[in-house]
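The following block contains the structure, expressed as structure tokens.
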Amino acid sequence: METFPFLNQLLQFLVTGLTVGAIYAMVAIGFNIIYNVTEIINLAQGEFVMLGGLVMVSVHTSLGLPLLLAFPVTVLVVTLVGVLLDRLAIRPIRKPSVMTLIIATVAASIIIKGLAMIIWGKSPYDLPAFSGRTPIDIGGVIIQPQYLWVIGFLVAVAVGLTLFFNRTILGKAMGACADNPDAARLVGINVRHMVLLSFALSAAIGAVAGLTLTPIALMDYDRGAMLAIKGFGAAILGGLGSFPGAILGGLILGLIESLSAGMLASGYKDAYALIILLAVLFIRPSGILGNLEVTRFKRF
Amino acid sequence: MLRIRKAPMLAGALLILVFPWIASRVPAISHYPDLMVFAGVYALITIGLSLLMGYAGQISLGHAAFFGIGAYVSGVLTTQYGVNAWLAMLLGALAAAVVAVAIGAPSLKLRGHYLAMATLAFGIIINIVFREEARWTGGPDGMVGISGLTVFGYALDSAGKYYYLVWGIVAAVFLFTVNLIQSPTGRALRAIHASEAASAAMGIPIARYKVIVFTFSAVLAALAGSLYAHYMNFINPATFDLFFSIKLIIMIALGGMHSIWGAIIGAIIVAFLSLEWLHYFEEFEIVVYGAVLLLVTIFLPEGLSGAPAKLMARMRR
Amino acid sequence: MVKKVAMVFLVCLAICGWAIQPALAEYTVGAIFSVTGGASFLGDPEKKTAEMVVEKINKAGGINGQQVKLIVYDDESDATKCNLLAKKLITQDKAVAVIGPSVSGLSLAVVPVFEKEQTPLISCAASYKIVHDEKTGKPYPWIFKTPQSDSLAVEAIYTQMQKMGISKIAIISVTEAFGASGREELLRLAPTYKIEIVADEKYGPKDTDMMAQLTKIKGFAPQAIINWSVGPSQVTVVRNWRDLGMEKITFFQSHGFGSRKNIELAAGAAEGVFCPLGACNIAELLPADHPQKQVTMEYMNDYKAKYNEPLSSFGGHAWDAMNLLADALKAVGPDKAKIRAYLETKKGFVGQHGVFNFSADDHNGLTKEAFQMVVVKGKDWALAN
Amino acid sequence: MAAESVNDPILEIEELVMAFGGLTALMNINLRVPRGKIKAVIGPNGAGKTTLFNIITGVFPPTEGLIRFNGQAISDRKPHQIAELGISRTFQTVELFNSMTALENVMTGRHLRIRSPFFGCGLALPSLRRQEKSLKQEAMALLDFIGLAAKSEIMAGALPLGERKILEIGRALATEPQLVCLDEPAAGLNETETETAAHLIQAIRQNGITVLLVEHDMKMIMDISDEITVLNYGEKIAEGTPKEIQRNPLVIEAYLGQGGGFEIG
């Protein structure tokens, strides 16, 4: 049997870690978009990812829509769910405290999960990989083509959001809401619309994460919660509200998991990642790129 | 507002006292005392948690871990070392207290969502330990053969008997907590919740109070864990996972965060919903559970314990 | 005000109570399966199978002229619920015997209940601990189980490895009860078969990727890998094995892989994977003179006709449990103690997962011959030589 | 500790510097608060008055410099430790415990003066019950002193602003401080309410408690202060009796230059 040098192994761990991390990062970005406008941690974020995968299965595999068409349809459907979430679960709450809003998102995530179970059943589903399953071998390091799609989509989401927040009026208005909702209201921005938009946008990003993940890891109705927690961890690690922080946090979390699974006791890999997260928080109470002064002003 | 009146307390105590007798007369609910044992176990945890969340204003998504620490310390010490069950219970509470101080002192400096994540992470880590240290805990399969409890040679071996043990403890803890809320300590906690800056200016050592309450709630959770282990005669890590922590938060939210009554009502409602009533909806169970939670959040933001007051206010109008 | 609420509550309870008093059926049989939750891949086919079997019995006129009433509860893979439901089945629904639970951990959780209430339980879970009281070294009197113990699957795999000349292996398992108990048996039995385990890796049931663990295993260059898990993760791990170009390292799956759905989900990656399976998975491959040929073909056809989905081997455990119980009811009637005694002496029961021969020392009644070693060939099972 | 002489200042601040990132909020401030007097700190918005209060009461540590209370350095203490030493305060934005009654607010103010053992409280020990009874009486007496006895059972959040400000002063007094720092006690009050507040502050001094005051209402300042310090852009520009300050050209320029009115009564 051929030998397998340590350096190759290490590179393989990095490739894997970055891919998984990219998924976490996309979930974390979704958390941040909603958090920035509303101060809510939307615990239904993971359900968007799950829906992204399962809706794609339905429109692509079952209905037979071609990939290029199935993609926007899926994102649209999940975005609609995000909009409904805001209209049916968040907006009706008359005296919103951050705690009740979070409970509402928990309730919504339970409902979405339950409905997904009724619609798709309990078995896992697969999607064909976007550009085949032939692994790319670069000097002994194996890269699945789908990995490149995952990382590519993360980059696309990051660039897209940067342009959106810096170049468009809508994006700037959302940014203003995030900085100071009262002032935003004074200058005539409809904060309610911005909240709705934030749910739509983060649902869309969740859907993208889900449909790129499914060809790698399959998808079933019960996946959302775990992804939400990893994404929440990534967002906190990077610093809540910071988009570079979300990407950094996601990638770091993915790398720690992969490296510790490969080099330490793999049963404890999630524990290592969380211990490092705790250590970071104890040293920097607002995450790596978070701003302590800003968090002080946030209500919760 | 905070004066907790004696009449409802007496009524509650009486109801708890006669409930098994009533249940035994009605065949369809004859197993309800069994459910009430678990509701009581949950109530022990939510009382502490409500003190922490509703009064001191600190969130914890890691209390399932303390529940588990109590259960596992009891389980391991009694089955593998032959320690007396009551002593093991005490040691479990002590272990939880030590862990709570160690994790609480640095964590409680964190705010809001960061504190939520830190406690969540802590809970998951502890659960991984339960799962991985199979030599002691039996691993994911769980641990069998935990004995029942006896009092002076009298075995508490049926739901009816255990019911009175658990609810007796709940009643004692409830009284303790009610006293606490109405005492200088309770005032200090509410002050911290209302304004940390002003509390500090009044000389209230905020960090210390947060850690004390966190520890107290952890001890109660551990106690509940021991009671659970000796009743089930079996424990497994999945019982103490993060979803149970979230379920505890749901109990508090359903019952009403700012009331100790709410903690008990929430625990009972969620216990019955999830262990019994929702079964009738079969595959729609999860959806109905979520819908109930959402409706209460929307229409009764103060929780079910706020409902009677709201109802009366509406009737007066 | 609390008083008022309490009163209303009580009245409601009382009304509910009188309204839905259970009507007494002739033979009431209970079942607890993990129909939802983390172990739904077990409980779902089990529930469907048990209901199908009972329907068939009742259509054929019942047992001794009595209809069978099957009460199925879903424990949602939760120990507390499982415990409560077990007590409810016994004390309130007056079940003469219970089949299930689906999961080893939950079966262990209710063992004390059935022992105390002296009611027969036929578990559908694998762990040998369910039918082995460590204190006495014998089976718990009231507990039986139909699935082959993990140790039998391990022995089947190790025997196959010996035939293939494999002695240096890596194991990888999921951090759930199924994976943990399989791992324990793999580690325990390895010395007996002179097999060296060079790597012992784990992953979570919801993990998206096992490349890191497999890369590490690749570094040890073992001759074979054994994966012990269920659900989507066992598909991902096979795909990762293929992606990493590790085909030279023979891949063995546990019997948890026993559904053609998994071959389909693996999208070609499962080609050449070995796996020990019960007879019911490969009914059509069995030679015509195989003792289980008839029952397995019948089950397969019935199940496909009724539910229009591929058979999962787990449903077979419920088939075995339900039919065993029906057999006992037919012989001795609804008497708990007699059922127990009958089951303990039952020999030659032909089921989906083997021919059962129970005794006072063996409440499982199977040997490692209950497993057939199969290999994935052309997207289907084929018997390995 | 050295014996405290009546002539020693109760609070001394030496060369205090406070910088937030690149922004210097306070520069080389020297300040002495004489014992038993009313000392006012005035200055235009953004002069650094509230920052000064926050540093004295330990909300954040100073970048440089020394603060001595009764001769003891306190700049590294936490807020609750400083309260324990005998400095109490109010807040510019009124930080009452809104979900508590007026009485409970004052009772909470006496936290330092009572025992509150955790288990004792839970067991409702008789000694603690007795303590609670006398605590209530003391708190009522204080409410009486500040003129809010009639409002004792009203939620603090439901009181009008004037009474909230007064209640906050009452709560600060409940800690039995030697020095009480009042952050704009008259802001947002009408004339009669301001007068009530002024009377109360004078009454406090008569009880032997030193008052450090930040205020914009110049009439009130000039009426009741014994000594005034003027800050502008983080620097001390003048110090003296009300009369001296009124005549100080630097002060007049600071206020007029900013465009704000400097009403001298």
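The first chain written gets the first letter, and so on, giving A, B, C and D; residue counts start at 1 in each chain.
Going forward, contacts are C-beta pairs under 8 Å (C-beta built on N, C-alpha and C of every residue); 3 or more make two chains touch, one makes a residue touch a chain.
Note that the structure is a prediction, hence the values are computed from the model and not measured.
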| item | value |
| --- | --- |
| Common touching chains of chain D and chain A | B |
| Chain closest to the assembly centre - both centres taken as Cα means | B |
| Chain whose average C-alpha position is farthest from chain A's own | D |
| Chain B-chain D separation of Cα centroids, rounded to whole Å | 42 |
| Between chain B and chain A, distance of the C-alpha-averaged centres to the nearest whole Å | 32 |
| Chain centre separation (chain A, chain C; CA means) in Å | 35 |
| Centroid spacing, where centroids are CA-atom means, of chain C and chain D in whole angstrom | 72 |
| Touching two or more other chains - residues of chain C | 36, 38, 175 |
| Where chain B touches two or more other chains at once, by residue number | 131-132, 283, 285-286 |
| Residues of chain D engaged with two or more neighbouring chains | none |
| Which pairs of chains touch, using the document's own definition | A-B, A-C, B-C, B-D |
| Complex contact set, residues of chain B against chain D | 1, 176-177, 179-180, 183-188, 190-191, 194-195, 197-206, 212, 216 |
| Sites on chain C touched by chain A in the complex | 36, 38, 40-41, 44, 175, 201-204, 206-213, 215-216, 218-219, 221, 231-232, 235-236, 239, 243-245, 248, 261, 264-265, 267-269 |
| Chain B contact footprint on chain D (complex, rising order) | 57-59, 78-80, 83-84, 88-89, 91, 95-100, 104, 107-109, 111-112, 114-116, 118, 121-124, 128, 131-132, 135, 155, 171-172, 174-175 |
| Residues of chain B that touch chain A when the two form their complex | 53, 59, 106-107, 109-114, 116-118, 120-122, 124-125, 128-129, 131-132, 242-243, 246, 249-250, 253, 257, 283-291, 293-294, 297-298, 301 |
| Interface residues, chain A side, partner chain B - complex | 35, 41, 89, 92-95, 97-100, 103-104, 106-115, 117-118, 225, 229, 232-233, 236, 240, 265, 267-268, 270-271, 274-275, 277-278, 281-282, 285-287, 295-296, 298-300 |
